[in-house]
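Read through the structures below before going on.
Two complexes, one shared chain (chain A), two partners (chain B, chain C).
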Partner chain A sequence: MRLSDREQDGVVILEPKGKIMGGPDASLLHDKLYEFIEQNKKKVVIDLAEVDWMNSTGLGILISGYTTLRNTDGELKLANVTEKIQSLLTITKLVTVFDAYESVDEAVKAFK
Partner chain B sequence: MKKPVISGDTITIPSSMEYLTDVDVFIEGILRGYGADESVIADIAISVSELVINAISHGNEALEDKMVDVSISRNGKNVTITITDQGCGFDPGEIADPLADENLLKEAGRGIFIVRSLMDKVEIDSVDDGTVITITKSLNN
Partner chain C sequence: MSLELAKTLLFFLTGAFLVFLAITITRDNFSNRLNRVTGAMLLFAGLGPIFVALGRMVDPTAGAAAGFQESGSYALHYIWELFFPSLLLFAWLFPIDRLSGFRHPRLRYLIFIPQLLHMVIVLFFNSLINALDTLRVERAAEGLSSIILTPLAKVVSVLYLLVSFIRSYEASIFGVVNLIYVAAAFYFLETGKKYVTNPRLLTQTRVVLWATRIGLGVFLVTHLGATILPYDVPEGLKSFMMIMAVASGAGIFIFATIRYQFLDVRLIFRQSFVYSITSALLVGLYIILVVQSRGILQPVFGAQAQIVSYAFIILVLLFFQPINNWVEELIRSLFIRTRTDHRNVIERFSRQVISLFDPTRLRGIIDETLKTTLLVEKVYFVLFDDEVEEYALLPSEDNAKRVVLGRDDLMLRGINLLDTPTYSHSLTDYREGSSLARLLEERAVKLVLPMKDAEHLLGFVALTDKAAGYSYSAEDLNLLGVLSNQMVTALINARLYVESLERIRLQEEVTMARQIQLDLLPSSPPDIPCGLISAISTPSRTVGGDFFDFLPLDDNRVGVCIADASGKGMPAALLIAQTQAILKSEVCNGNPIDVVLSNMNQQIVSSSSSEKYVTLFYGELDTAAGNFAYANAGHNYPILVRATGEVELLKTGGPVIGALPMMRYRSDSVQLRKDDVLFLFTDGLSEAMNSKEEEYTEERVRQYVATNKDCDPQTLIDRILQDVRLFDPTYPPRDDTTIIAIKVNNGFTVHEG
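== the complex of A and B ==
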């Protein structure tokens, strides 16, 4: 997995690419998310457009970020959820937990 | 230090997460050789990753001198993959329901549930000297 980040209108956009399956790769996303939380940047969108697939480790990272941000008055939203990941969110009922948007722009606007 | 070993349709790895990618590359390569479509490849790759992570962390307790074997075979339109660890076994009946309200926001505990959802058949044979999990998926899904 590769990871890039940027900011848009005061919102952190995290852009993982590839597969989120656990091991050293997955900690990249976890560590970057917590780096921004420690900088008090608590509006975060994870853009999943270029994530081929993720497993339960990836879902666990999303949940960890979601709960940590929620507990510190922040918020995590998802954008560009691919069909494969949407299927995982549905079968695990996590589709009821995450706010998901069809584009990063829509997710960023939803913070206002 | 031990390294992954490929022998025919089997890859054997030490119990470390750093070798997850080796297993994924091996399995996806064989599946593409079988002509599987990308959706089926992803379902199997996700399931194998779940089971290998469990074998490493729960079965072999991340002890690198203990190995995990992953074997793949094709029988007509069905692909069968077997994951074997050298741990102490587990009781599948003790796995908590990840869909229960009290478990929904837990960061872990969904692996076997996801595998059962994605695969056509899952067989778990867990005894005192290891666990063998066999998953089957049709290439036509």
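== the complex of A and C ==
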């Protein structure tokens, strides 16, 4: 997984690319999130458009990000959830937990 | 004549050998005071016999006469007495340095005065006594009545008497003085020995003491016995015994000094031997030629016979080198290498460490090698500790307590830049605020040997001065450089070995964990009256994150569970073991399924981080009535294939367990009928992936189960696994795979609800 980030209207957009799996990916995303939390930037959208695959560990990373932000009064939203990830969220019944949007713009808009 | 010549040669050979040794030892490490003092001692001891030999060459009868009347070069041999103050100086320096504590170090040279005085007396005695005599006679002639000159006359008279007295007893007086010097040196050596801890240095001190004893004994018997006591020893025998005293005493002494102090003993011995033997050979040849041919040459060349001698000396100089080489070759074949020879040290060290994998023993061998071959007083090890990921001063023979160093220690960074053995005083730039610098200073560390693997500093060895305050020679530093390279190799080997042991141990632990995990799984599926159950669980690694379980609830009901922890391997296995235990206790409490799941969720949330979760499906089958109540916590939908081929998915439940607190779960139930197949699996099956990165997919699982619904459950499992293997030949999977298949064979008496 490669991870880039940008900001849009005061919302942090994280853009992981490739496969979200275990190992270094977890700490990469985790550290990035903390970096923003420390700057008091706690509105985060993860843009999953370029994520082609995610295993159970990868989903764990998302859950962890979600919990971390929620525990610091922040919020995590997902955007551009691919079909594969959508089905994963459906099976695990985490669709009810994560706010998922069709585009980044919509996710950002939802923060207002 | 030939006996006399042999004696002269013996004198010369002994003297030359000592002088050459003196030069070699001084040159070996001129900056070291001990080397200089040892050198001076040997030089003086050697000059004596040389001058005797030279005196005998000039006048073969010299030495036969007793007393101070001899003159010229023979009398010069008294310079050898300077050996005694040098010996005393040596005893002040060895084996412990007492000189550095002196407030006025230069005063130590005062001890040379008696022997210098003796030399002056012997050399200039005749002219002195003549001068005094003349002066006395002159004064007497001018008349003793002269009042002004009377005191001067008295002084001259007293001086005359004093010199006459010394003249009579010169040999006895200075014999006693020399004896006192030897005794004092003996005393200092003996007392210094108590402070020696290094075994090699202790041996050296013992040998030096023996050398002193032997030298002293022979000296007493010959020289003092002959001069103080009134018995007569022939002068020839006396000088021979003196030579023996010097040769045996100084010989053992030299042996001890070289054997235990210098590394390349072979080189030093060889050089000194070769030079002295070669020069003795040439000088002997010269003497024979000159003496024998004098009678022939004199009449032929007349006054120019002298020129022939000079020509011969030039010839000798020309031939010195080739003859020297020849003698050296000869000696090389005769000498045996010793343990302290540089090459032997390296060879022995590498032989010892190449098969040594225990880091503690390795440090022990480094410690021993440095102490025995280089006489290093104390050795400290600072190594990178993989466990705490910090550098630490390790406990060793010389260091009781382990001290962990700060990662950013300035001195450590300084040492990181080094490549070769370096004196710690040259690292002053890195001292500021460094706790390492303070540690090294407290331990009087002089030399630092960095051990680097490419650019990574594995650690370093810190050395104090050598025992008895010897400093390191250039050869020592070279040797240390080579040794530290070998230490690096040995350390890396040892570390790899420890790592491989660690891996084996871990592997064994994992194997044991695997066994525990297998024991946690039901050994066989339960017998149910309404049909057949089969189950299989294959971990992708030795241990897995999947589990299935069958829990007997009462006579008619059996609990069925399949679960998959996020992640793989050991962490997943631990999470799954916990889940399994909690499930059992919750089910035993008799809670309804939805409560079981939400209780489990709460417990696991509170005891694990949120990225660790479990997908779990739990159902309770009424084997008499065919009712199957269940709740699905985020698990892959189990497939219910009806006898008609219709497929139902068991979805009802809630989110995965352990990820988020306060989750609610709903339960549902289905009525099973004859020939229905219930197929539960984990994503290892549906997500099996072929080389084109295509997944097997849940859809394909459903189709396959639906198509093969008439098989018994074990056959169904075998076939679908076979099908997966066709799809992905690299199967067994990259993820854990677990399957439960339940086939209903009988109809139920209870009417369908």
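Here, the second predicted complex is superposed on the first by the 110 of 112 C-alpha atoms of A that agree within 3 Å, B and C clash if a C-alpha of one lies under 4 Å from a C-alpha of the other, contacts with A are read in each partner's own complex, and residues count from 1 in each chain.
Methods note: a residue touches a chain if its C-beta (ideal position, glycine included) is under 8 Å from a C-beta of that chain, and two chains touch if they have at least 3 such contacts.
Worth saying up front: this structure is predicted, and the values here are computed from it rather than measured.
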{"item": "Fit or clash between chain C and chain B when superposed on chain A", "value": "clash"}
{"item": "First, second, both or neither for A:Leu76, with chain B first and chain C second", "value": "neither"}
{"item": "First, second, both or neither for A:Val97, with chain B first and chain C second", "value": "both"}
{"item": "Chain A residues touched - chain C or chain B, whichever exceeds", "value": "B"}
{"item": "First, second, both or neither for A:Val108, with chain B first and chain C second", "value": "neither"}
{"item": "Partner chain(s) touched by A:Pro24 [first = chain B, second = chain C, both, neither]", "value": "first"}
{"item": "Which superposed partner A:Ile63 touches (first chain B, second chain C, both, neither)", "value": "both"}
{"item": "Chain B versus chain C as contact partner of A:Ile37, first or second or both or neither", "value": "neither"}
{"item": "Listed stretches 293-301, 689-697, 707-715 or 743-751 of chain C, narrowed to the one that overlaps chain B", "value": "689-697"}
{"item": "Common interface positions of chain A, toward chain B and toward chain C", "value": "22, 55-57, 59-61, 63-64, 66-67, 91-94, 96-97"}
{"item": "Residues of chain B touching chain A in the complex", "value": "17-18, 20-21, 24, 39, 42, 45-46, 49-50, 53, 98-99, 104-111, 113-114, 117"}
{"item": "Complex contacts: residues of chain C adjacent to chain A", "value": "564, 566-568, 609-613, 615, 632-637, 653-656, 659-660, 683, 687, 735"}
{"item": "Contacting residues of chain A [partner chain C, same complex]", "value": "22, 26, 55-57, 59-61, 63-64, 66-68, 91-94, 96-97"}
{"item": "Complex contact set, residues of chain A against chain B", "value": "19, 21-25, 52-57, 59-61, 63-64, 66-67, 84, 88, 91-94, 96-97"}
